[in-house]
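Chain naming follows the written order as A, B, C and D, and within any one chain the residues start at number 1.
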Amino acid sequence: MKSPVFCVCFCVFVLGAAQLFTDQDPKQAMRCNVTGQWKSEQGSMLQLTSTGPEVRGVYHTAVETAFGASGHNRESKVVGVVGDGPQPAVAFSVLWAKGSCSSWVGQCFLLPGGGQVLKTLWMLRSVAESSLDNWESTRLGEDQFIFVGNVGSADGH
Amino acid sequence: MKSPVFCVCFCVFVLGAAQLFTDQDPKQAMRCNVTGQWKSEQGSMLQLTSTGPEVRGVYHTAVETAFGASGHNRESKVVGVVGDGPQPAVAFSVLWAKGSCSSWVGQCFLLPGGGQVLKTLWMLRSVAESSLDNWESTRLGEDQFIFVGNVGSADGH
Amino acid sequence: MKSPVFCVCFCVFVLGAAQLFTDQDPKQAMRCNVTGQWKSEQGSMLQLTSTGPEVRGVYHTAVETAFGASGHNRESKVVGVVGDGPQPAVAFSVLWAKGSCSSWVGQCFLLPGGGQVLKTLWMLRSVAESSLDNWESTRLGEDQFIFVGNVGSADGH
Amino acid sequence: MKSPVFCVCFCVFVLGAAQLFTDQDPKQAMRCNVTGQWKSEQGSMLQLTSTGPEVRGVYHTAVETAFGASGHNRESKVVGVVGDGPQPAVAFSVLWAKGSCSSWVGQCFLLPGGGQVLKTLWMLRSVAESSLDNWESTRLGEDQFIFVGNVGSADGH
């Protein structure tokens, strides 16, 4: 038969573990928040702010298919949508300076250590001269963004 | 030296050609305008309004991956971007009721007969329970939308 | 109680219905067979022969991303796999002359009128100079192939 | 006129540079060879053997969309194509036990440290009951495979 001592020890252990978990910033642990600064594996910077189901922000790309394709400062506005669960799905689009545009779809995941990652797939649509060139005008790829800070802190404020 | 006769002939020719071109409904011929009602091959309805580089609207889907996935009335808001050329590229996103979201990228093409078509590819992102299920959470497909009328006329009849 | 007359009538009806069904070319109606000649909406020709779960054949493309990219006669060997159901899924790959390669995945569907269609999505992989260019090296699109005849008849025999 | 001293110096330099390059395992440095055992980030194992422009092998998947979908031992044959440059593009397909099939396209890259990586994007095609369900039957994702050994050594231990 199990002794009461065991039960007490077990309860203390459980409470302690719960406490430890709570200490790791519970708000962070509860919900993956897309608002803030994100950095892709290639060095592109994505700044997002969510307002209800909508996201807005700025994309600063590290790569271009051709010089100048992404425009002045390689920056463009971001507009999209985000769900409201603990690890919400997200989709957003960007219009580049020369008229091509990109969309990303993905999901915000909480990392075991308390950080956040945005795992996405994207399509990049170039402007075809005519519908005959439509077939070759969409590129496809993968981007993983790591959360690097709140929008405020990234600005230096 | 070129004779005045040549100059006059040339001017007449140019004016005549411009006139011919004008007769083919110049507004329609000049630019593929995404504002209006679009219908996909599967019967989904897409209503778009562009304001500068941004598009907004409503998507009424004809299909769902599971009953109720796309929500009340199967309708959701659309938000995205559009270029400004004669046949602009476009990208837009939708958040569905159960938290999944879709993005389309494509281009607005003028049809020889005066109509418009939106040739797109899309990704549909489902919500993965954890990052272990991330790999299987993105679907891919193709949609072609035919322009079926202006927003006003679609609403009023 | 049901009368024997009813039973006999029912049996005759069932046999008659089966006969009607058989009259509609049963082999065609039973299984979508990928072996034969297929033509894409863009005019590319795909000749396939399935042997068990494998398919082989020849792809003659109507389009190229750059002149000569698809090689001599714009033709390349096809190798892939096919399932064994009535409307099997299929996946196949082609290596182009300049080292890029394509894969299609899709499914063979029987059309109500007795024909066959292969609905596919494809990826086209170009050779990146280095892994830094990897992100922009995959294109994406859609192809629909209509069955245009058996391999033998396409050859003129 | 150039002095003989210059010529000698130049030759020594060239030979020395060639020697340096040779020291970095020339076979490895010259060509990314797809033949061998590869492991994906998710733990799937891919065994490939190239014969000219064709590749064959076995895929042992670590993940399934539904229990049993990938079949006995979760293993299936691989068939595809590979280019012949130093860092060749590759495309290959697999038929799963329940009739779905996958294709990967990607490229074999040499890593600075002497290893090899296969960067790929894939599509997974499920069997749709009818063409009405075709739209939702293709999944999309990304796989990165690290070279883990030659086929022989993988078999022998």
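One rule holds in what follows: a residue touches a chain if its C-beta (ideal position, glycine included) is under 8 Å from a C-beta of that chain, and two chains touch if they have at least 3 such contacts.
It should be emphasised that the depicted structure is a prediction, and the values quoted were computed from it without experimental measurement.
> What is the set of chains touching both subunit C and subunit D?
A, B
> Over half of the interface residue numbers used by both subunit B and subunit D, so same, or under half, so different?
Same-residue interface.
> Which pair wins on C-beta contacts, A-D or A-B?
By number of C-beta pairs in contact, A-B is the larger.
> As a quick test, compute the distance in whole Å between the mean CA positions of subunit B and subunit D.
Using C-alpha averages as centres, the distance is 38 Å.
> So what's the Cα centroid distance for subunit A and subunit B, whole Å?
27
> Pull out every residue in subunit B that's touching 2 or more other chains.
121, 123-124, 138, 140-141
> Over in the complex, which subunit A residues touch subunit C? Could you list them?
42, 63, 65, 123-124, 135-136, 138-141
> Residues of subunit B touching subunit A in their complex?
That would be residues 53-54, 77, 79-85, 87-95, 99-107, 109, 117, 119, 121, 123-128, 130-131, 134, 137-138 of subunit B.
> Across the complex, what residues on subunit B touch subunit C?
Answer in residue numbers: 121, 140-142.
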